[in-house]
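Take a look at the structures below.
The following pair of complexes shares a single chain, chain A, combined with chain B in the former and chain C in the latter.
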Partner chain A sequence: MANKPLLPEMMKTHGVSRRAFLKYCASLTSLMALSPAMVPRVAKALESAPRPSVIWLSFQECTGCTESITRSHSPTIEDLIFNSVSLDYHHTLQAASGHAAEAAREQAMKDNYGKYLLVVDGSIPIKDPGYSCIAGISNLDMLKETAAGAAAIVSVGTCAAYGGVGHANPNPTGAVAVSEIITDKPIINVPGCPPIPVVMTGVLAHFLTFGIPELDALGRPKAFFGESIHDRCYRRPFYDKGKFAESFDDEGARGGWCLYKLGCKGPTTHSACATVKWNNGVSFPIEAGHPCLGCTEPDFWDNGGFYKPLSVPSGDYRKMGLAAIVGGAAIGTASALLSKAGKAKAVKAHETVNAHDLEKSS
Partner chain B sequence: MTATLERGLNALREQIDAPVASFFTSCVSCGLCAEACLFYRETEDPQYTPIKKLDLMRRVWSREFTLLGRIGGWLGLTKPVTDADLTAWETLVYDSCTMCGRCTLVCPVGNDLTMMIRKMREGMSASGHGPVELIGAAQRHIDGNSAMGDLSKAIHAQVKNAVEAAGIPIEFDKPGVDYMVILSAQEIAEFPDVLSAMARIFKKADVTWTISNAAFEATNVGIQLGSRDIARTLVQRVVDAAESLGVKGVISPECGHAYQALRWEGPNLIGRAYNFEVIHIIELLDQLRAQGKLKTKGKNSRKLTFHDPCQINRRGGINKEPRRLMNMVAENFVETEDAGTMNWCCGGGGGVGANERAAPLRNIAFKRKKAQIDKVNPDAIVTMCAYCHHTLDNVLEEFNMEQEVLGLTELVAEYLDEDA
Partner chain C sequence: MDCNHPSAKKPSATADVLSFVATGNASPVLHEVKHALIQLLKTGAESVIDLGAIPFAPGDDRVLNEILGIGEVHATLTVMGESHVRETAIPGVWCVDHLDENGEYQSRFIEVTYMPNILKTQREDAERGLETLAERLGALDDRR
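On to the complex of A and B.
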């Protein structure tokens, strides 16, 4: 797969105009929360960047992440960006199989040792390595071996980033995230089940142009995961007005009101879904009438039911709240009355101060 | 009766009201008041942080007026305020606060710290923790007619001198005139020239005025000591005299806390509005200037700067008036840094100047003002408060500084256009 043509040539063969390319660079730049002045730099970097060797390892996964990235509306520029890296190993996409496939991985590692980018999707079972093997090599061994020579690792999808569905209770395979095994390499988490295609290509573009992007506490690039879905949700005005859909077939649901009470995890979920959207910007789950599941957050499978509203206490909370208010008001009033009585007593106890009263008797 | 701890604590309880509760509740411990305080800035000693000076009052409030504080008190988690605590706070409340009001102005949550110091002093004085000099002044004033003792002979002598100097008669107890003039004891004893200055200016402006034998003293030690009862008695004397003479107004003289006492605290102390207006002498001179009744001729060619008295400018609102008058008579008027409402105190206000124990600290605190004066290096400093005048005279001497200090009324009278 070596000696692939550079991006401009790729564009020509795919019939993409330079104008379309620059438009893509501009949208990518804004998506990465960079200044518009950076557009030419992004374009230049994408045109001239030496295509790094990329090794893509798929472990305990559903191939949804790969499906997502290959479904990025071919032939789009995202697709080209992906083609513009030298994808030297990806067992779902590569033509080679068997020994030849593994030989390609070993060759790429040897040729680019210390420089290649490792992309991982899927969690790694550590309870028994036999749960998931490729060519007789356990996921754990393959990850350790391949990560050793990587410049950086991109954990694509919630499984690789945080363990995902494999990690969900009771976690029969002992599935863990990449970051729990590899601790000596920079790791960029691109969670999502699956991640948004343009976010994946955007992170790769950022890596090519400016290196590792700024990450949040959970290892996610801030440019794509800096804001919550709730903050950017087009249904937010309904939330602010207290207008909620109570069931999937009521007036609120039909009227497009906030899905908070139907279990929407938008307020606690950080992702670009509400702005970038899916299927080439057509829609996203909330727009389709379904609450956000929170798939970019760790352990989203185990955070209560998908249809249970956030932070609602069990029991009859309204009555509890009312009782708390009444009780608090009573205590407050009693306290205020005591204070008032104390002050009245003090005023009553006032003895007029005479200028000759100002010294102590001693 | 004597001062006791119980009387002091009772006074604090009386002083604690809704504003005090909200101020203590809303304090965010940001420390901006420390940076605004003359005493903290010059010593960098954290005990001089204004809110810290109020800690005992805060403890009384917390223990007796808040639910959690009360529960804490029942469980023995907090200690009641003792006489020893009050003794420890004496120097903080009386020696290191001139009630200049800078902290109140910078407080981001709007706490009136100066008002709270004033309230805390009520408890301090009722429990016998007032400075002896202020107690003495209170006794002299209550028993006699002035904080300096009996000044009835002195005022008559000074008026006689002024009548001779100006060639204008000054009448005592004359009913129906425009204004009753009251004077600071400091003016009667140290700066009597203000009398002839007023006589000449008022003559030219057709303003009629008199001095009351019953109430000629403007100072009110009750405000500084922190005793409403004493302050009320002294304000009442002025009010009674003015109302019996039927004057249109009372002229508050060049004295900071006297203006504070009569103009702002007075009606609250006696519980009603006055039947006359209270006007500061500089306010009145500026009014006369605006009406064209005050005209000057010639200008002082020396380099002059102006010192703003805290109680008259920052806490009294008289800021532009003295500057308009200064520009009438000064050819070379320079302002110091922070001049105006954020001016730094001379260090003598709020009873600190009378307090001998506070003298070393007062000299340290003056260093800020000194540095600002040194920077503009004027020939003379003009002010509109006799006590600032007195304090500046003393500290300038202490620091071997050459500047002369002038009263603004006298300076204006010096350039009065007699022919206009």
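On to the complex of A and C.
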């Protein structure tokens, strides 16, 4: 696969014009939050980038991430970009199975040791590694073995990035994220349940063109996860004016008002959903009238009810608040009880507010 | 920018309501355009402003459209979906909108230039064109 033609030849074969390529590069540069002045550099890098071998491992997952990336819309140029890497192992997509498939993985590792890109979706069970195996090899062993020769790792989806649904309380399999096992390789987290297809291809394109992108504290590329959904939401002006839908069929819902009171996690969720959108740029959950679930954030499954406003403490937060009251303790003391400073901070930030408070402060 | 172009999807009733919502970012963008135009005239330096890089609501588009207006040139490119390249009523200021095959916006730019690069025939395409023409002429000769 290493001898596959480079992008210019593939474009020629597929009848894709240079102008179409430049259009793609312009949109990709915008998507990567790079200056438009970088378009020629992006084009040049994509044309001349060597095609790295990619090994894609799927562990405890629902295949939603693979579904998502394969349903990337088809200007065929995106397929070309994806084809411009050499996808040497992906057990859902490849024709080979069983030992033949594992032989392909081992061969790709041997041929490209130290240079290949490892993509992982799904969490890894560590309570009993036997909970999830491929060809008799536990996820834990396969990850360690394959990561050893990788140049970098991309954790695709919230399960690989932060544990996801497998990690949700009570976490019966002891599911953990890739970064909790592999600590000596660069890891790019591309969370989402699933991630936006074009964000996945965009991260791969960034890796091809300029290497590892700039990451935030949670290991996410800042280009795609640097801003909250709330900051980019077209309903934000309603939030600023304190106009909220109170139910899914009231005047506010029909008028497109802010969904904050219906549980929208947009203010605490970092993702490109509001700008890149889904289904070929058609819409995103908030535009469809549903609050954001916060799926790109760690432990979003356990962050209280999907339909509870952020201002209402819930789950552990609620218990913590009760403990503080019973003990007559201050918030700081309660946070020590929980031994998780982040949760205390969240509680402090989640003071109950109403529309009138917001109007006064806006 | 060119929200009313027939190939773009029609705005919904909700979009009509929202078309008056503005973030207030149109004014600074227009000032940026003014500075870019001064640079173009002084030094020939071209500028591109990515409208996807700043929060922009439909109301901001209205302001932008009102101030920049519609100029003399409007080209439609059919490359993996349509692209609309429109000179505004301020010569030297172009709106470049890239749509996908479903008519959804991929990216939107304001280019301050004498001629947007995407309009020009690219050298690689011209080389391919030469090959195609030679093949067709060869086929024509064979038919004779």
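Everything below uses one rule, namely that the second predicted complex is superposed on the first by the 306 of 362 C-alpha atoms of A that agree within 3 Å, B and C clash if a C-alpha of one lies under 4 Å from a C-alpha of the other, contacts with A are read in each partner's own complex, and residues count from 1 in each chain.
Definition applied: contacts are C-beta pairs under 8 Å (C-beta built on N, C-alpha and C of every residue); 3 or more make two chains touch, one makes a residue touch a chain.
Predicted model, so just to flag it, every value in this text is computed and none were measured.
Looking at the superposition, the partner that touches the larger set of chain A residues, chain B or chain C, turns out to be C.
Once chain A of one complex is fitted onto chain A of the other, the partner contacts of A:100 are absent, as it touches neither chain B nor chain C. Contact with chain C, but none with chain B, is seen for A:255 once the two complexes are overlaid on the shared chain.
Those residues of chain C that touch chain A in the complex are listed here as 14, 17-18, 21-23, 48-50, 52-53, 55, 57-58, 77, 79-81, 83, 96, 98, 100-102, 104-107, 109, 117-118, 121-125, 128. On chain A, the positions that touch chain C within their shared complex are 8, 12, 16-20, 22-24, 26-27, 29-31, 33, 35-37, 39, 73-77, 231-232, 234, 236-238, 255-256, 275, 277, 280-282. Against chain A, in their complex, chain B makes its touches with residues 1-4, 7, 10-11, 13-14, 16-17, 64-67, 70, 125-128, 130, 135, 138-139, 141-143, 225, 227-230. Taken together, the chain A residues at the contact with chain B in this complex read 331-332, 335, 338-339, 342-343, 345-347, 349-361.
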